[in-house]
Amino acid sequence: MRILIVNPNTTASMTEKAAAAARVVAGHGTEIIAATSKSGPASIEGHYDGAIAVPGLLAEIRKGEAAGADAAIIACFDDTGLEAARALAAIPVVGLCESAAMTAALIAQRFTVVTTLERSRVLLENLVRRYGMGDRAKVRAADIPVLELEDAASGALGKLRGQIERALDEDGAEAIVLGCAGMADLVQSLQREYGVPVIDGVSAAVKQAEALVAQGLVTSKRGSYASPLPKAYTGAMEAFAPARR
Amino acid sequence: MRILIVNPNTTASMTEKAAAAARVVAGHGTEIIAATSKSGPASIEGHYDGAIAVPGLLAEIRKGEAAGADAAIIACFDDTGLEAARALAAIPVVGLCESAAMTAALIAQRFTVVTTLERSRVLLENLVRRYGMGDRAKVRAADIPVLELEDAASGALGKLRGQIERALDEDGAEAIVLGCAGMADLVQSLQREYGVPVIDGVSAAVKQAEALVAQGLVTSKRGSYASPLPKAYTGAMEAFAPARR
Amino acid sequence: MRILIVNPNTTASMTEKAAAAARVVAGHGTEIIAATSKSGPASIEGHYDGAIAVPGLLAEIRKGEAAGADAAIIACFDDTGLEAARALAAIPVVGLCESAAMTAALIAQRFTVVTTLERSRVLLENLVRRYGMGDRAKVRAADIPVLELEDAASGALGKLRGQIERALDEDGAEAIVLGCAGMADLVQSLQREYGVPVIDGVSAAVKQAEALVAQGLVTSKRGSYASPLPKAYTGAMEAFAPARR
Amino acid sequence: MRILIVNPNTTASMTEKAAAAARVVAGHGTEIIAATSKSGPASIEGHYDGAIAVPGLLAEIRKGEAAGADAAIIACFDDTGLEAARALAAIPVVGLCESAAMTAALIAQRFTVVTTLERSRVLLENLVRRYGMGDRAKVRAADIPVLELEDAASGALGKLRGQIERALDEDGAEAIVLGCAGMADLVQSLQREYGVPVIDGVSAAVKQAEALVAQGLVTSKRGSYASPLPKAYTGAMEAFAPARR
Amino acid sequence: MRILIVNPNTTASMTEKAAAAARVVAGHGTEIIAATSKSGPASIEGHYDGAIAVPGLLAEIRKGEAAGADAAIIACFDDTGLEAARALAAIPVVGLCESAAMTAALIAQRFTVVTTLERSRVLLENLVRRYGMGDRAKVRAADIPVLELEDAASGALGKLRGQIERALDEDGAEAIVLGCAGMADLVQSLQREYGVPVIDGVSAAVKQAEALVAQGLVTSKRGSYASPLPKAYTGAMEAFAPARR
Amino acid sequence: MRILIVNPNTTASMTEKAAAAARVVAGHGTEIIAATSKSGPASIEGHYDGAIAVPGLLAEIRKGEAAGADAAIIACFDDTGLEAARALAAIPVVGLCESAAMTAALIAQRFTVVTTLERSRVLLENLVRRYGMGDRAKVRAADIPVLELEDAASGALGKLRGQIERALDEDGAEAIVLGCAGMADLVQSLQREYGVPVIDGVSAAVKQAEALVAQGLVTSKRGSYASPLPKAYTGAMEAFAPARR
């Protein structure tokens, strides 16, 4: 089984970190193939970065599917471009926020997502609600620019720990979800420190992708994820025109 | 007051139709400026078309804002790229579905949106729920490819009328919302025929845009629509890098 | 276009303030006609005042419609009698809370309504939920009797500012809605002070009323807002009997 | 224990029917006191009738409370004026729709309310949602003018039975709620005929009123139902001015 | 009328306290019959205790029904086994949380349930949501083991009062619901002390049970509460096999 | 990795069918251990059967955990006893309905669960709502007694196919979830026949259980799933007393 992880931002070190986290949990016989978007922002912080990242993301998914991937993961906690990717691909595609929220729901009735910036907080709150967990999950922002997570000296970990502590004290959180693909390396130490489950989106997504492939399930092409209709695409996006099937 | 209408698909005839509808309702002193996306799909039918249309849309909004527009309208009923556009622009940006749903809510307690394809039906259902009207609105698809609306001989109008009749008979609809920017020219005749309010998204959006400008209101830059942070953008999307403010 | 603003309380100074706010935002060619209820409470603070104010309000709407108004506004943030007015009138009727909440939703994902008394807080919370925005809006009470807003020396402004500051700090508010018709004169200074959009219900309602008229839309008479059936009305309410149409 | 039933319409025969239904279920030692509104519509069909009925209703509640009633019931299934009555009175006040929906919820997971006119259907749907049962209850209208229920030859019963049958067949209803105070005399025969619980609002409300009195509970005066503040009332409504306490 | 109260834990002193509370509010002619479960935990604190308590509870309900009870009450605030009991019995069965929440809703728009342990808090939050009151009720835990309520020297009352005070100050609670069957004796003094309605589940349930019996209503056997189908039961549970009807 | 599947009914042939389905999707290195409850009903059809099945289920989970299982699955689509099992066990426990609904949500925006009996339909509707998917999933009952699924000549498959066809035609279902553990052997043929994803709860649960184990995640013991407190258990349930930890 080959699982493609696409980092929709263009920072290769984040791709590597996500791929490493993925390989830790991948099952026997699963090959993790990591790809970094070739166009778009160096990090995804809010709606605009996310929207511009989508074409580069979709290009990698199309390429990876053509190269034989069995499932794809979008390695950004905002689940950027998830619906478009599901419409595009014949293979299943999973997101980090969706996978992590589901995983948390299997082991806790209440949980808190701790993310980076305030602008991402509301975005994730909306996602969590759309996934049906608005009543059981809160979202907190630790005021950390995404790329500071790559810098050990940035104080980012301290801010993150501060919000986890508030989640446990004030939110009644029974588990913590780390709300950024770049936090994957912190799971084990935080789980030990706080004595509650700590969930990483990359790990959760790998297992959901494997689960779908093992069950022989692919995205339904009936209804909302129907394959794009063949039509003319113009200008800079010409290459994205859906193939006639 | 100058209001920019951006058609996020690349079909100029649809832009013209939207602009014409806009000018009918525009207030005294409002200038309607219409722009057609230079890159992306010829019509937006589902999540994939919508995602690929966004960069071309955002380019037009940035250009229009620089040229002095006071507000912008995204002339696709899917509200494609609406959140990204709000984060990008300093001027207010409104969508068709959001504007039309609000307008319907002021004159009816229950209404039905009639759109084109089944793949757009679920997408609009999700939008209407996010706008808080899932309990009072239904969405129906008339099985009409978007570009058939440009072709009087296509039978599209008959299909549309069939769904309106079912909405009145089966949904308890008190008003009808036309769920595609390309239906704007049908409002008056349908309203006369069925004796209930019929709402067109373009018209509704023009008035919402004017309303915001008249009140001196712009998109909040505190929280979820904060301006994009300056950062490197790579590859084909390099030109989209946010300006340092 | 003639827009009728009815103040459903009997305090003429509040009518004047609302009319002044309305005229500031009214479009070219819009005439604002203000009326004060002839019977009922001097201010509307809670459910009882609101209920008793309705007949006086409806009398003014009926009179104004007969005199040729194209739309009506109920100038109380509780949207007192809104549904009855919509059933009664052939012209569209808009409320302040509904209009302001919609306006806020176009420029912010999260907002807070700041109103006068605690007893109005829950009432407005219920309204905002019914309008579908319970998930994105909070309501705060500043503990100000309505008529103190007419008295510059009352300390009311200080209390209001205190709640706005808490909304920004604690609620994640991206915009502020002023939850009383009597606060219309404070919008500009508060917006400058806090750097977030501040929305006044009167202004918002004027633009929604104009929007409906410009689109040729009236309240649907199919279903919940059907015209009152002709029937006997008795006693003090005899004059309110619906006319046979 | 003295329980006041106020019919907020002015049709005395409906008051009598409600009082008779109340007496059937009233506990040992409960005295049922029935009052008919002195002003307003002969029947309540939709929002406008309901709004105009409220002052007459509140006058009866105030009078009944002064005369020593221990609790009050508003004998219209629309729960007309319920919130205002709770704010006004020191004694508890219950509504028919609220009481019946709660009663149904104790013996069925899904139920259908069958009411008179389409214009009341949406109104009741909104009430049932506000009472938290929108997910488990449907509302159907049988197209019966309220006063036809007083006329055995009107065919009203046949229409009502038709909707009950559809509720059982199509809605998965496990119980039926009769959605008009004027249907109280039909409960027993319908229950026998259809073999499912049939709930009448008047009966349900009597038991809720008794329950509150037996527990020594009165409406909370903290928050939304706080007693009306003393203030000037003007014109035809002068007599409604709240007493200084 | 004979009303059976079953204490689903095995602590007889709690049964007695519940029975005493029941008798205080029971109507003239109502006989309260109390039963204590013969098997299971000494107190119900969380999901596991609750699940194991159910067979003992159901055995008492079956026995009581056979002995002629007209209705049954499950005297644990978790509404343990309520749905199974409704399916089993021909007589109506009511729970404490459901009854108390409904009662609170008749006299307050916002209320807070104060329960014992944190592990019960989320359980009750889920119940209150299922009963449709998640938007108007909060749940607080006072960190009191259930059996400490039986011990005056335990400090339990102080902890309970602390949470009531926070509910009034921070939650906007207009009424308080005591969220444990063992708190029934505290209602009157707390109500006097805090000046808001205080609701006890046992008292509320007695009146709901009486209300159903007086209306001649029993649990619907159509749909979700259909009588258990006759079938083989094995092992320790053999005696629970449903009788062939 | 050892995954325990407990069939909470006492019919060994259903255990075998579930174990067989589990082994088809289990990952390399996963051992499936199947156990059948020793006490309770031969099939679980409705709330009563479900409640009585729980002690037998919990006994098997305790035994299996002691024997070294890494995770447990409750092999009944009603998720019978799931919350109690999570509180009891230190290892993660997953249910069929929860796992299947999550799996469907990853590949479809709208889906329909097809179950056996009407009495289970509402029960599953409630579960699906609690899992946050009430807005995107419908539940249908095929009117099949559970044990008829074991009998090829029963006509059960025809009834099931009838409901699947209605789900596709009337519900807008994009995927089908089989709502009974005993339907696991039908997945492949139905998926081929209807061309949409068909999800089996047993398969979905195996992959969720493996996913949790691979991530090193266990049920949170903070809050609602805290381990049972040590206390006396009486009578037939004495053996279920929680061990002192």
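Here are a few things to note about the model shown:
By written order: A, B, C, D, E and F. Residues from 1 in each chain.
One rule holds in what follows: a residue touches a chain if its C-beta (ideal position, glycine included) is under 8 Å from a C-beta of that chain, and two chains touch if they have at least 3 such contacts.
By chain, UniProt protein names: A, B, C, D, E, F = Hydantoin racemase.
Keep in mind the model is a prediction, meaning the values are calculated, not measured.
Relative orientation of subunit C (Hydantoin racemase) and subunit E (Hydantoin racemase), expressed as the C-alpha superposition rotation angle, is 120° to the nearest 5.
At the interface between subunit E (Hydantoin racemase) and subunit F (Hydantoin racemase), over half of the residue numbers involved are used by both copies, so each side presents largely the same positions.
The interface at B-C recurs elsewhere; of B-F, D-E or D-F, the pair that shares more than half of its residue-numbered contact pairs is D-E. Centre-to-centre separation of subunit C (Hydantoin racemase) and subunit D (Hydantoin racemase), using mean CA positions: 29 Å. Subunit A (Hydantoin racemase) and subunit C (Hydantoin racemase) have CA centres that are 43 Å apart.
Note: centroid distance subunit C (Hydantoin racemase) to subunit F (Hydantoin racemase), computed from Cα atoms, is 52 Å. Residue positions of subunit F (Hydantoin racemase) touching 2 or more other chains: 86, 109-110, 118, 121-122, 126, 134-135, 172, 223-225. Pairs of chains meeting the touch criterion are A-B, A-C, A-E, A-F, B-C, B-D, B-F, C-D, C-E, D-E, D-F, E-F. Here subunit A (Hydantoin racemase) touches subunit F (Hydantoin racemase) in the complex through residues 25, 27-29, 86, 92, 94, 98-99, 102-103, 105-110, 131-136, 168, 172-175, 188, 191, 195-197, 199-200, 203-204, 207-208, 210-212, 214-220, 222-225, going by the rule given at the top.
Taken together, the subunit C (Hydantoin racemase) residues at the contact with subunit A (Hydantoin racemase) in this complex read 109-110, 135, 172, 174. Subunit A (Hydantoin racemase) makes touch with subunit B (Hydantoin racemase) in their complex at residues 10, 37-43, 45-56, 58, 81, 83-84, 86-88, 118-119, 121-123, 126, 130, 145, 223-226, 228-229, 231-238, 240-242.
Against subunit C (Hydantoin racemase), the residues of subunit A (Hydantoin racemase) that register as touching in their complex are 118, 121-122, 126, 129, 134.
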